[in-house]
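What follows is a set of structures for review.
Next come two complexes, and both contain chain A; in the first it sits with chain B, in the second with chain C.
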Partner chain A sequence: MRRLLGFLSVLLCLSAFSGCGPRETAVARGDREQVLHRGMGPDLADLDPALATGTSDYTVLSALFEGLVAEDPKTLAPVPGVAESWEVSPDHLTYTFHLRANARWSNGEAVTARDFLASWRRVLTPALAADNASLLYIVQGAEAFHKGQSADFSQVGFSAPDDRTVRITLEHPAAYFLSLLQHWVWWPVHLPTLEKYGSAFERGNRWGRPETFVGNGPFTLKSWRSGQLLVAEKSATYWDAANVRLQAVHFYPIEDVGAEERAFRGGQLHLTEALPIAKIDAYRKDQPQLLRIDPYLGTYFYRINVTRPFLNERKVRRALALAVDRDNLVGRVLRGGQLPAYAFTPPGTGGYTPEARLGTDFAEARRLLAEAGYPGGKGAPVVELLLNTSENHRLIAEALQEMWRRELGLEVRLVNMEGKSALVARRMGEFQLMRSSWIGDYADPASFLSVWAGDSGNNYTGWSNPAYDQLLYQAARTEDPDARRQLFQKAEALLVDEAPFIPLYYYTHVFLIRPSVKGWYPTLLDHHPYKHVWLEAP
Partner chain B sequence: MFRFIARRLLETIPVLFIIVTATFFMVRFVPGGPFDGEKATTPEIRHNLEAYYGLNLPLHQQYLNYLDRVVLHGDLGRSTKYASRTVNEIIADKLPASVELGLLSLTVALVLGLAAGILAAVKRNTFLDYAASAFAMTGICVPTFVLGPLLVLVFAIHLGWFSASGWYGWTDRVLPSLTLGVVYAAYVARLTRGGMLEVLNQDYIRTARAKGASELRVIFRHALRGGLLPVVSFLGPATAGILTGSFVIETIFQIPGLGREFVNSAFNRDYTLVLGTVILYAVLIVGLNLVVDVVQVWLNPKLKFE
Partner chain C sequence: MLSPSPEKLPSAGLPPTLEPGTSPWRDAWHRLSRNRLAVFGGVILIVLTALCVAGPWFMGNDYQSQDLRLGAVPPNAAHWLGTDTLGRDLFSRLLYGGRISLLVGFIATVVALVIGVTYGAIAGFFGGKLDSVMMRIVDILYALPFTIFVILLMVFFGRNIWLLFFAIGAVEWLTMSRIVRGQIMSIKRMEYIEAARSLGFGRRRIIFRHMIPNILGPVIVYTTLTIPAVMLLEAFLSFLGLGVQPPMSSWGVLIKDGAEKMEEYPWLLIFPATLFSLTLFSLNFLGDGLRDALDVRSSKD
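Let's look at the complex of A and B:
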């Protein structure tokens, strides 16, 4: 007992030193000083837009850089960024951007057309090995330059007639080009700074440190302690600084969702990146004002390896897809407001909602399986479902395993694999069914449907259909939005009919947010331009 | 003693060589590589990445290059996950937080554990003994990932005394060090109690009492030195465990330490970072075991530097 008292008294002493009693929280101070504290999920790997790969990279980089076009905070429609205006040629192949005279880097120098060209050249330089370089292939000659087939950058469709004009010539008309330009790989870097700290065209350059960093966004890098905190403070040189209300954004890399939720409750965060599934119901019941469930541009699905016997039969694949009760899955298992998925492209992607459906129809599923020669599952082999290890994936897979057993008489065996090992199994085609997800790079159906093209590096199912590829090819070259949407509808109908995949649900972004955060609108890509965000103490 | 230490240091060279070699090849034979991601990269980009990191060379050549860099230049290589940082930089950046957490936890473990263990042994079969034993059993049974969040709930969220996570001021050190320290304190308490009980029954203790030494002198001057032997043997591996096993604590409390990098580097297949951290921890464990051996000889007159 005496020991317990001693232990408690030590704690009391410590608290006495720390000021005893609750202190002003970071959030309360932030509300007063316009400093946003946000959780950002996993840590950031690099501050270089050419090398960034993850969503948490975007979360930070979007504060520090700005591209030619920016995003409307509510609709994410392209709005003027560094370019104050632009024109498109009548053949929809050439885009001419006019840069603002007052666009500045954080070191005070003007942002020029040459900066953009040099940055894109850097992305396309093979030695840099930029992960997202292929997003520039839409530009004439870019693919050949990146693949080393041409060493002459002047053959690539970028030009700068003067310091304030950027001209981009495309391989083919692309209605989504302005949306694509919002991807971070298109953002400029300050080459003269990079050259001071190593080769600008190779990896390993050390320019992205607080003492050497130069950006052109509404905020600039103040400090960065990897694994702990990155502080971006308002940039005095940003062209629209007068309209930026936040004084700083503090980014906290907290990988553990439970720890992030506790930091939020402890008053350290204005908003979290995620929320543990187990906590959703409690917040919904007790503090619904803190819980936000926004739609998110992603699809959770199972790939089907169509090269395997049994699964190579279209009727079997459709039977599997039709025998899934998605309402039950979303409502009982996931409980995060996800939308049941009946096709591949999430509804509302770039104004497109798929009409084709792989709905729930147990009777039809049983009929198809019987037609394929396996009435009631008789004679069917055991099907393996590959999962990368995760409690949520397992819960979903177990629900489906039971649905398929009950409705179709099929036995499905779950196979767990560690993340990277599962990716190798996928690459080698060593799976039958595999848990998968796809997050769109930009809000356009092409970002989703191109996954299933015959030459896509992300297909992995062995399924391909020349008619489908042809429809995508046509859509890519069609400028009229309605005609283009019709082509996507046809492509998606074909995909759904052949079912090389089983759509399960469309993602939502479930997170916690304080009522004092204003200007944080639900957007499909989960993009929230910080220059439009402000804090207002309740 | 110097010969003993020199010999032990020489012995560590082949040990480290075997560890590096085994880790180098094991991590390569695990499926998946650093550039496998949810979204595919084009073959050209993958080829360029592999060329940049020298992963396109034959494996034995990569191994020889690695040994050459590490042994001759002390260069642990470039991280594949953090494109602009070297493994040396990452370790220099992250190790101090882990070491600080480790030392503070060890202090908590020793202060709480020794006090509880000595008290339990001296007041054997009394309420104090049972309370200390109960504390020890509880500390051993409650995992850190339960204790950590519990402490946060009480002291950070409800009482608002500390931050729920982070590693900024000294108040942020309290909860993580307590969480990690209490588990080891429990072991220390049990070992101290056992060691002390054994020593307190020895003839020389009876002699000391017969000569009229005060009870405090008997305990601290005569009994403790022998009673601590099991604790000291435990401390070598325990310190290594505290340093390497701080992953959970670092994750729960968002501490920018090396434990998190150690575990994540394996998931990311960041080969050079895996190897760098393994080498570092191997050196630490070998070094700490050597310290323990020296301290044991110093404490136990029956042992010699042989």
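Let's look at the complex of A and C:
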């Protein structure tokens, strides 16, 4: 009976298709109605700017929130956001922001200076354990407050002289401060809403649901079915709503890059987050107008958990890093114009190119491993490499697995995990090697090197080095660009020497995009403010 | 083994010219060997198994060694079936993967068969309260989402390929036990069972020597269907990261990889899929043949 039904339904489908001709695809309909359909990679972990950590979180949050400053769609230079103007004191230590009168939350209330202060206080509250809290350390007294050395928030360099003025006092001058403000951890949340659904200062608050969500961005959360679809709809209360041309953005969390590509081809998506490596050449040849390879300020690397036996030996870590044939990995496996990575900071980041190198040297790698007491891999334990599920990540991991087996005699086991579980494992330190990537938050080496600071919430490897932290501390307080770069060089040399990570390649962003998407400019950080994007049917 | 021993045969009143009796197994073998399709299936299976077991020892190429510079190339003299995107020889991977897939198929199926038949036969034979309890347990296990059950087993016992075989077998027996129970219920009241009962045979003997041989038909057919299902299951689990892990391969993994790249590198799909289909067809033909051959009711033709 069931089989008969199945057969009948197939017949019905066939007749439907033959009868009505091709149906209008989601993309064609979207072009007509200004609804952008985009793949977003793994599902987002958190709808809370204070707790979000990943690029797919940014992809969604940037539609739902807006910080004091926003980004120019082409250059990413700071442009007025919630703040309509700002002044900088002559000593570059105090920034005064004037909030616009018509900035509104999606529930209609005004966005005030108090909202910002309360949000930042929340980020710095130790109990919340926000991964990105250290980005606020640049503010006077923020570090002490976050580390619990002071419980008085009024000692932190934030103040609100009135409802529409925010004043921030920095610990030291920083030319990149306005770019730093574009990071999501600085975006405001609506505290009264949070308090309605639990404690605002602890994790696990359930305010980020369509019925309860309050944001201040050009779009607001309409619906969210985890793992399927998140719909952000144009917000009527946004101050610049008249200039927002998209009516809605549909985010599809498709972890399987192959499935994402099929969805794109089937007319379900305007743009994808990634592209299966095997398809790059075919698109290059047949449909180059759909393929985009944008520069992308990021590093693809493996974290090494240095608290684990075997991996706590510097020589072993260096051996692993040296026994990677990056040229072939990038040129033959990835084929997307990436650069082989021999250090952590991408070359040319804010005028800085790392000199330290973890080059490819199989003989040296074997020698180091033998010195560590594992000649030819004898006596070495099986090393586990944790991956979040993705065809591309697995391909790279399989290539490395074989390099390490062939060159060092090491056995590496690949462990697959779905995105969210992988994040939990990372937070708990339950990994040995872990696939990771770091995308710059702003174009400055500090954005990369500060990941490895001992107190960084993004370190996760258990590695810390006081000399390294000291160098970063000095660099942050050095104004002369050359002297600052020298300090970064020293820090990077130290980092590369200790190798708590294995650099693999510097990113390019390879994705597919429909020609009807306008205003999607190649930017170094892969930020594309949705308010400047529109659709135009060809 | 299953035929009544000569002493138990009623000896009186038989004509002296009776043709010599043959065992049901010999009969079955005879019928099977006359079924061309079944023989074809059996031969293919044996050849495939032999190739997969012995092949990798004679191959010049290793299933895990890569040649990144080479990348994916179509079939040629050095690589008979071409290479995958990491430059690994597909033929070696296919043979090596065959070991895993065939092992999974057979071990998991045997586990499912043993548990399922025993369980179903006991429930069906005794009936009543015992039957209700046993079948409710099956219902409960049915209600458990399969993947979660396997994941639980894997988490509990660790990642081990042998455990994977047993874990799959341990969840695949449910349907088998239901089929067996139904069959047993339907033949329970038949005359020859009554006869065996009145001859005073023990329950165990009745179940295992009189009932199970009579329900082998559906059991064998279902078994031949279980093997491919189990192979596919293994592929699915491997994809989730619970089954076979790289660099090992299995047919399921190869087919999945090939399907993703079929437009660019069709040979990566064509060869594993052909081999897999060939195995499934052979199993089905052999299963059909076995069912016909083992059907005791059609034995006196």
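The working rule: the second predicted complex is superposed on the first by the 326 of 538 C-alpha atoms of A that agree within 3 Å, B and C clash if a C-alpha of one lies under 4 Å from a C-alpha of the other, contacts with A are read in each partner's own complex, and residues count from 1 in each chain.
The rule we apply is simple: contacts are C-beta pairs under 8 Å (C-beta built on N, C-alpha and C of every residue); 3 or more make two chains touch, one makes a residue touch a chain.
Every value quoted in this text rests on a predicted model; they were computed, and no experiment measured them.
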item: Contacts of A:376 with chain B and chain C, given as first, second, both or neither; value: neither
item: Touching partner for A:402 - first (chain B), second (chain C), both, neither; value: second
item: First (chain B), second (chain C), both or neither touched by A:359; value: neither
item: Which superposed partner A:333 touches (first chain B, second chain C, both, neither); value: second
item: Chain B versus chain C as contact partner of A:325, first or second or both or neither; value: second
item: First, second, both or neither for A:414, with chain B first and chain C second; value: second
item: First, second, both or neither for A:252, with chain B first and chain C second; value: first
item: Of chain B and chain C, the chain that contacts the larger number of chain A residues; value: B
item: Chain B versus chain C as contact partner of A:278, first or second or both or neither; value: second
item: Chain A residues contacted in one complex by chain B, in the other by chain C; value: 258
item: Chain A-facing residues of chain C, complex; value: 64-66, 68-69, 71-72, 85-86, 240-241, 245-247, 260-261, 263-265
item: List of chain A residues in touch with chain C within their complex; value: 258, 276-279, 281-282, 325, 328-329, 332-333, 389, 391, 394-395, 397-399, 401-402, 405-406, 413-417
item: Chain B to chain A touching residues, read off their complex; value: 30-33, 36-42, 44-45, 48-49, 52, 78, 81-84, 90, 93-94, 112, 115-116, 119, 127-128, 131-132, 135, 149, 152-153, 155-157, 159-167, 171, 174, 251-257, 260-261, 267-269
item: Partner chain B, residues of chain A touching it in the complex; value: 1-4, 7, 11, 14-15, 17-18, 20-23, 25, 45-46, 48, 51, 53, 126-131, 133-134, 146-148, 202-208, 225-229, 252-256, 258-259, 262-263, 265-268, 418-421, 423-425, 427, 437, 457-458
